[in-house]
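All chains are identified by letter, namely A, B and C, in their written order; residue positions are counted from 1 within each chain.
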Amino acid sequence: MADQAEDEDKLETGIAADLGAATFDLARGAWEMYSVFVRTLYYVFRGKREKGATVRQMYEMGNKSLLFVTITMGFIGMILVYQSGLQTKRILPEFSQLGSTYLELLTRDLASSLTALMLATRVGAGIAAELGSMVVTEQVDALRMSAADPIDYLVKPRFLASIVMTACLIIWGGFVAYTAGGAVAYFAYDVAPRTFFSTRLVDHGDVITGLAKALAYGAAIPIVSSYCGLSAHGGSEGVGWATTRAVVNSSLAIILLNFFISVAAFVIFPK
Amino acid sequence: MISFKNIKKSFGSKAVLEGVSFDVKDGEVFFIIGASGVGKSVLIKHLVGLLYPDSGEIWLDGEEISRFDEKAMMPVRMKCAMVFQHSTLFDSMTCAENVALPLRKHKGLSVKDALAEAKKRLKVVHMAEFADRFPPELGDGMRKRVAIARALTLDPRYVLFDEPTTSLDPVSARRVDKLIRELSTNLGVTSIVVSHDLASIFTIADRIVMLYKGHVRLLGTPGEFKSAPDGIIQQFIHGRAQGPMDA
Amino acid sequence: METAADEKESALIGVAGNLGRGLLGIAEIAGGMGVLFGRVVIRFFPPRIDYPELRRNLYKMSVKSLPIVVVTALFTGAIMVIQAAPIVKRLGAEGLVGWAAGFGTLREIAPLLTALMISGRVGANNTAELGTMVVTEQIDALRVLAIDPITFLVVPRFIAITVTLFMMTLYADALALFGASYCAKALLGVEPVSFFHGLTGGLLGFGDVANGLVKSVVFGLVIALASCHFGLATKGGAPGVGRAVNATVVASAAGIFVLDYFVSFILG
């Protein structure tokens, strides 16, 4: 009897402790990632030049993610327009604004955020897996002993490559989503391409917001994933955990950055 | 009784076993020795259906098991347990839960009863105080003992040990040797031990088979090995760097 | 002698070869997952489920996902209102903010984003666990103990992931709407009362919620299938586990979006 009551108590503190620990980990990680970011920036300006490292990373990220981004953004575009069309039908069956509103949303938010979420999985996992394996097989220690800072040598090229390639892939992803959406609008709701493909509602505020997000996401993904990869420990298990954390934390970072930039844009560029 | 008849096994173009034959008698402590990579672990994995031979026959208690599928292998695995080289406990469960698992699954015990029985069996290998710890928290020697306890839960007739003392300190290694010997003496278990630990080999083995280049080099008692005129055997059992063995 | 035409031809063959190889790779993965799915389903008739493992996984996965889902849902709800705000203002339809946020959330955003986050938190984790077990021979150890790895490991995780995603989507629905209403008040001055009136005022129905929940179950199956498949197929030590996790996350994301479209279409 007493045992059962004791067990129940243990269970409750167990859940509270687990949840608390999980949330605390989130907060602590954020601070440590910020310091990685600062150090990376330092090396961007003061670090050693290594030929071809950044270009190699750009190839890794760009070419390998292209098919993935195309497929996912294509389907997202179709879904978004399809669902919006369904709801618009319910209210006022008038589709003249559908395309222009869609482009406005894409530019301001969806192209960058959704593509970035996809890249957080593809690129984030890749970086963490690579760096994690290097840590666990002691290659990173070997690097340190030859007086090379892992941040300079490993993180910096990925950082620079990501900023460039994320922006490119976002533009491509937006284009794919836009075109796919247009196709759905035509086949499902008979919206003429000329009506759909109009830039009427897109203003400079939208473009600036979208670009700001692209930059922020491009910076966040490699920093977060590199941090997670470099803090791996414990053999193959550790690599698995590191990769998992990279994906989750990159995605979270994107959502949080999205929130803050969106709020800022709402205030700075009122419509 | 266990019989290997002319077992051949290759991985891709690499031929590992090229016609291995020998018998293992009931109740004995039987050692399979040889250089690293010669195919010792590969050979014993055939006994529990983790590998299948390219040709040859394997007889266990009057059944030819080399062509058994997963389902047919189940009863064989209940008779023949294996202790893996790296202990291979389930990291997500405590030691007691590890030992309780086969009891729960095959003896139909409830979770509570299985845990109680598991703790009893852990006592036999002197690991009762660590029943509620997780494997990653324990040292190699301790994990090995828990792994042996788990292997014994279904009261098997045969136990296979894959390099049981390789990563252990000398004291833990001798303790494991003692356990293996007691299994044979007290419970009549047939133990097949893959090893290159010379101290183990010459302390507890009843008979030994040495594999070299995919074939049986010699099959006999420790005494027969010590007095064998074969230069390769002498080099191995005395642990010499120089000798007729290929580098 | 290689002419320009020859070079062009070999380049084209190169591209075709790569594409072909890519498609074959996808087909191989799809095939492997199909086989695994079949094996899992068979173990329901008659039901062979390890209840202690199921309980353990359910607890672990729910606890691990809850903080992430809470944060994601709250902020996503807010973001949706921020993005919808200019459009709503333009149409002068402040009363419809509740509806706008609601339909998007319940039907699409909550199930999708929750699935993506869970794919990362739970799916990747699951692959890492199974992959490590493969690499450290724990799967072999199970087989030698005459315990079927699919029944013991895969089926409980399958059920746990699907159920977890379903529950988390419910939470996410509620939390996102809460975040959205808060933001609507802060940025648009829309009172919570009118926000929730927009939600329930007849333009949205239980069908929208159900729509999202059906999706969550489908997504759960995708994540479970992908993570178990890649976990069990891990080869190659520590880097192999990293690669497997990578593959799971990518395959889950692709699968989620493709199926999202088809489910939307079918239920539409």
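Everything that follows uses one rule, which is that contacts are C-beta pairs under 8 Å (C-beta built on N, C-alpha and C of every residue); 3 or more make two chains touch, one makes a residue touch a chain.
This is a predicted model, so every value here is computed, not measured.
The greatest centre-to-centre distance from chain C, using averaged C-alpha positions, is reached by B. Ranked by how close its C-alpha mean sits to the mean of all protein C-alpha atoms, the top chain is C.
Rounded to whole angstrom, the centroid-to-centroid distance between chain A and chain C, based on C-alpha atoms, equals 16 Å.
Computed from the mean C-alpha positions, the centre of chain B lies at a distance of 43 Å from the centre of chain C.
Measuring from the averaged C-alpha position of chain A to that of chain B gives a distance of 49 Å.
Chain contacts: chain B has residues 91 touching two or more partner chains. For chain A, residues that reach two or more other chains under the stated contact definition are 237. Residue positions 129, 132, 136 of chain C are each in touch with at least two other chains. Taken in their complex, chain C has these residues touching chain A: 22, 63-64, 66-68, 71-72, 75-76, 78-79, 82-83, 85-87, 89-90, 96, 103-104, 107-108, 113, 116-117, 119-121, 124-125, 127-129, 131-132, 135-136, 187, 203, 237-246, 249-250, 252-254, 257-258, 260-261, 264-265, 268.
Of all residues in chain B, only 48-50, 70, 73-75, 77-78, 81-82, 84, 86, 88-92, 101-102, 104-106, 111, 150, 154 touch chain C in the complex they form. Those residues of chain A that touch chain C in the shared complex are 15, 18-19, 22-23, 26, 67-68, 71-72, 75-76, 78-80, 82-83, 86-87, 90-91, 101, 104-105, 108-109, 117-118, 121-122, 125-126, 128-130, 132-133, 136-137, 235-244, 247-248, 251-252, 255-256, 258-259, 262-263, 266, 271. Residue ranges of chain C in contact with chain B, taken from their complex: 52, 56, 129, 132-133, 136-138, 140-148, 152.
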